[in-house]
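So, here come the structures, one by one.
Look at the two complexes coming up: chain A is in both, with chain B in one and chain C in the other.
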Partner chain A sequence: MSRMISYEKKDTVIHRLSGFTKLVFFILWCMTSALTFDTRMLIVMIVLGGIIYMVSGTRWEQVSGVFLAIMFFMVINLVCIFFFAPYQGCQIYNSRTDILHLFGNYTLTLEQLFYEFNVFIKYFTVIPSVFIFLVTTDPSELAASLNGIGVPYTISYSLEIALRYIPDIQDEFHKIKNAQEARGIEMSSKGRLTDRIKNTAIIIFPLLFSTMERIDVVSNAMELRGFGKKKQRTWYSRKPLRAADHLTIAFSILFFVVTMIITFYDGNRFYNPFI
Partner chain B sequence: MKKGFGIKEVVAMGIGTALFVVLTNVQIPLVVVPNTALQPRMAILAFFSAIFGPIVGAVIGLLGHALGDAIFYGSVWWSWVFPEAVIGIAIGFFANRFAVREGGFTAKNIVMFNIVQIVANAIAWIGVAPLLDILVYSEPANKVFAQGAFAFLGNILVIGILGTILLSVYSKISGRSSDLKTEE
Partner chain C sequence: MDRTKPIIEFSEVSFKYRAQSEPTLKDIDLKIYPGEKILISGQSGSGKSTLAHCLNALIPCSYAGDMSGELRVGGQTPSELGVFGMSKTVGTVLQDTDGQFIALTVAEDIAFALENEGMPQAQMFQKVEAIADKLDLKDFIGSAPGELSGGQKQRVSLGGVMACDVKILLFDEPLANLDPATGKRTIALIDDILKDEELTVVIIEHRIEDVLYRDVDRIILMDQGRIIADMHPDELLSTDILSEHGIREPLYISAIKASGAKIDPADHPRHIENMNIDPYKNRIKQWFKSNTEHKNEESSDTLLEISHLRFGYDRSRTIVNDVSFDIKKGEMISLVGKNGAGKSTLASLICGFYKPDEGTIRFDGQDIGGLSIKERGEKIGFCMQSPNQMISKPMIYDEVSLGLVSRGVPEDEIKKKVYETLKICGLYQFRNWPVSALSFGQKKRVSIASILVLNPGLIILDEPTAGQDYHHYTEMMEFIRKLRDELHVSIMMITHDMHLMLEYTDRTLVLTDGKLLMNARPEEVLTNEEICDRAYLKRTSLYDLAKRCDIDEADEFAASFINWERRKRQESVV
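Our next item is the complex of A and B:
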């Protein structure tokens, strides 16, 4: 699948970090980006994200398809915000500077532009972190390191199973889809809504039932090998946390705290240049 | 494997999540409201919750939505990840009552399943999702409630039709004593 991001083995500083470290960084980074609306911090995050993206050695072809899809959804979202709430920005920043009267009740204001600019750059703070996390994290190693910090191994193992079986199920989905299309079932965007629901069901039925069988097969195999009998489990791909991991985790936490302090220093989460 | 949390549940969580993620890409867009579409994957979430219970449902909802968004769209919209878990937990809570694997998913349980799913969807998409959107992302209220309402309608439609059919067919097959299966 071209339109899917997946792990690629390489040897960079970021690949050498433990999966747990990258997960902590990823979650804290997303939280920071979600909570702050401080334009200055968002720009700092974009710069940092860009640097980390460079260091990770991710090739543009790996992620370009997904990137274009995000841009598409982002544009729709920004346009939509304007049509549903043309004065959201004025409300937030408590001021109003008209630029251009468009039509009816819609006037373009500087505050609205600035608010939507913030929403816009927020997308770009999160995108590199998601790409890097998915491209540089080995699923087995992530499961092992999660277990290493105290997550029950049943949970770690189901995460590993999920990541392991996505490509398999993806393959099967395409096989079934091709088979049904060969029988003359239209899957593209033509056709009425009810037809398309029916045709989707025709693919989901065999896919779901073969998945249920797969669950039986895999769980029987695991039971035969004694999974779940002991409290502990060892992992082939475990990496111990090293100095670089501790530093990265410390940095993520520190960055989160500092951003929160700077953001909420003036009482709310917005940076207001209009006062 | 009915009581407690066995190997089957661990595997179902993993493979169910994988299936949910794969089906992220199968969407039937609703024309009017952006970024909302009929999502057949919701039927899968309902299916697994109704069979394997609330923990499996919650994990498939959370992990599946976050992973699916990340892999296919490159960004995770967290305020819509958590409502997914609400649905998984709510439907999964009644898993023993539905008795899907024992072949007991008939008229009475179908009605109950649909009442549960409508209430769960209402809480998730008209309550939790827009509220988190406003709190976390400061999006305009009328926009997020419009999106939430459409997600609510779309999801009760998908779970109500597709989810109910999947469950009742599976229940018929697995409840039987012979190994014969109906042909697709």
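Our next item is the complex of A and C:
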């Protein structure tokens, strides 16, 4: 069974980069995507993201579930934007080209479509980078990197532990779900949605208890081996930064700056093809 | 190493947990010398784990309470040094090897304590390599915990504590989660380490026969917070102290005693292989002659019919491979095999959690391949290992009635059925209690009751007695047998426990690498050397006893003794 969104060991250029590098890239990349509404740059980012996704050797099964969930929320988001602000696009681009009158006050305009298209592709600039970051970064190496940039090791190690146990808890969830289903708690698509939500709570309860039990054991085990008593700790899995890392970091910064310059060159965040 | 000065010394140590009114340890006086290998045994609640926690300072540092008397470990006082301070002297290997595996790979886990010490990376690499070499873990150094077998995980745990150059190794029930053959190897490994390193070893375990696979210097037996025996194994096995205090004696010892013989410590009863058997031989043979029983096959209707079942997560790896068998009505069956042999997957297929790639499952003559998990749940109940994985309602009544409520059964009928079930399970007086007020064994019964209430024809139990001592084990198994006798349900148990299989099941299915290796009476399985080796089972010591007494029908001998013992136990209850 392939587990979703968890680290998988492989040997690709992306995997070989240090966790620190990937973290810097990830943060800068997301900032870039959040700040710009420049369609040209967003398309460049999608293409780049796609290439990196290919290079990282990520399999579709690893991410499909989460991808579909994001798509679901994205559709809701786009529909809501239209219903709450049907002329947002016209305001932004200072022009109005009607395509089709729908009903009441709602008219579909080319500007609104273009604006929502931009929102749509923004999702697609970020999604691959999230996936790549999560499935190619060894959690313990990430913890080491975070500690390296000044995050206290107790915090960075808790993050590692959380990532370490995601697959275990997923397995446990499936086991409990099966056993409860056998008792007649309907979880498959046959049941009504409200029932299914209510029934999910029935799994969460035992899951919480067995997880608590596990936490107790793990925290004792950690203490028994001296975790948390010294101010500093070293890391077995820390990777020194190499040429590829320096290059990647330099590129991320450069890309961020260039994008910002292109985006704000004409004084606002939006690329306007209507003028 | 000065072997005359104790490395661990308890003098009049008592301890009371804050939440309890009675002390758990009472006036403990105990000396353990450097280089010794000590087995501490006792029932659950006897105080043996509490004693162990005093050594690594989890008591009183993590579990608060009142401690009196004096305890010195390696010349230090644990309560002053704290858990962290003691971790440099005492290495603790926990019962739950999954929980102990903190990091993401073998290498990192071994290095965990070194990282916390702040050891430079280069030095750490060397040290980890040296330890991995010693424990034969070099090939797995980059593996994640999920990729390892139970025995490998245990070696990693051991490596993790050995990294600190400790003086004392403390094992907290090391055999609890292992298949029998892996358990045996673990005991051998502990012994080998002790030969190379100057270490003192303390093992907490109630499975005495399995620990005695290799020599220990002394056995310390605890009951109700006190030490009641501190003896050489040969001496202890010659007495009846173990059985009097609810600890399972090695089977061959019980069998020799059953023949009416008195065991002499000078005959070295601690290993059946080299014990001097001559003084007892004739008596045992005679006993066998007068107690031989031939099991007559009872014929009953077939309940579950599995034919040519095949399953794999992907095409390259088959987990269950062409398995066929049936289960009769009212039969108790054990499903055994090493960790990862496909036992849980097979159970999941029967319950419908997975769909088989090939093969059919028939229940009462009907093909149930098309039924949903819920529909199958009314015919086949599945009970997970820990009750905490099952129980989802705070009140006992609500928990047991859950399955009926979700099936829309009328309320008065639910009440009737739930009360009936609670009565059978001996939980009726607790019907209005919250689940949290119950003991572990009672919770387990609640989780069984919540399945029983749906009136299934077959119940599958995953490790029904894992981690329970002999007393609680007997209680649980007698309960399960009662369910079978009174309700005539069939029961299938996934287990690592050879005693359970021998004592309580009519038939054993042995699974290895997804294939059904053997389908026979348990005494036939456990006296078959080849099958035992291939399936990681442990041959029963009754077999060795029979062989050493020149009894050829070893399986019959084993069966006769088990039946005799059961009759005796029932007589003592009446």
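Throughout what follows, the second predicted complex is superposed on the first by the 249 of 275 C-alpha atoms of A that agree within 3 Å, B and C clash if a C-alpha of one lies under 4 Å from a C-alpha of the other, contacts with A are read in each partner's own complex, and residues count from 1 in each chain.
Definition applied: a contact is a pair of C-beta atoms (placed from the backbone, for glycine too) under 8 Å apart; a residue touches a chain by one contact, two chains touch by 3 or more.
No experiment lies behind these values; they were computed from the predicted model shown.
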Partner chain(s) touched by A:Leu113 [first = chain B, second = chain C, both, neither]: neither
Touched partner set for A:Ile185, first chain B, second chain C, both or neither: second
Which superposed partner A:Phe227 touches (first chain B, second chain C, both, neither): both
Partner chain in contact with A:Ile161 - chain B first, chain C second, else both or neither: both
Contacts of A:Ala244 with chain B and chain C, given as first, second, both or neither: neither
Partner chain(s) touched by A:Phe209 [first = chain B, second = chain C, both, neither]: both
Contacts of A:Pro139 with chain B and chain C, given as first, second, both or neither: second
Which superposed partner A:Leu23 touches (first chain B, second chain C, both, neither): neither
Winner by number of chain A residues touched, once chain B and chain C are compared: B
Which superposed partner A:Leu48 touches (first chain B, second chain C, both, neither): neither
Chain B/chain C common contact set on chain A: 160-161, 164, 168, 202-203, 205-206, 209, 214, 218, 222-223, 227-228
Complex contacts: residues of chain B adjacent to chain A: 5-8, 10-19, 21-23, 25-26, 28-29, 34-35, 38, 40, 43-44, 47, 59, 63-64, 67, 70-76, 78, 136-143, 146, 161-162, 165-166, 169-170, 173, 184
Chain A residues within the chain C interface of the complex: 1, 7, 9, 138-140, 160-161, 164, 167-168, 172, 175-176, 178-186, 188, 190, 202-203, 205-206, 209-210, 213-214, 217-218, 220-230, 232-238
Chain B-touching residues of chain A, taken from the complex the two chains share: 3-6, 30, 34-35, 37, 63, 66-67, 69-70, 73, 76-77, 79-81, 84-85, 88, 92, 119, 123, 126-127, 130-131, 133-134, 154-155, 157-166, 168-170, 173, 189, 193, 196-197, 200-209, 211-212, 214-216, 218-219, 222-223, 227-228, 269-270
For the chain C and chain A complex, residues of the former touching the latter: 56, 58, 62, 83-84, 87-88, 92, 94, 96, 98-100, 102-105, 107-108, 111-121, 124-125, 128, 142, 144, 146, 160-161, 164, 313, 348, 351-353, 372-374, 376-378, 380-384, 386, 388-393, 402-404, 406-407, 450-451, 454
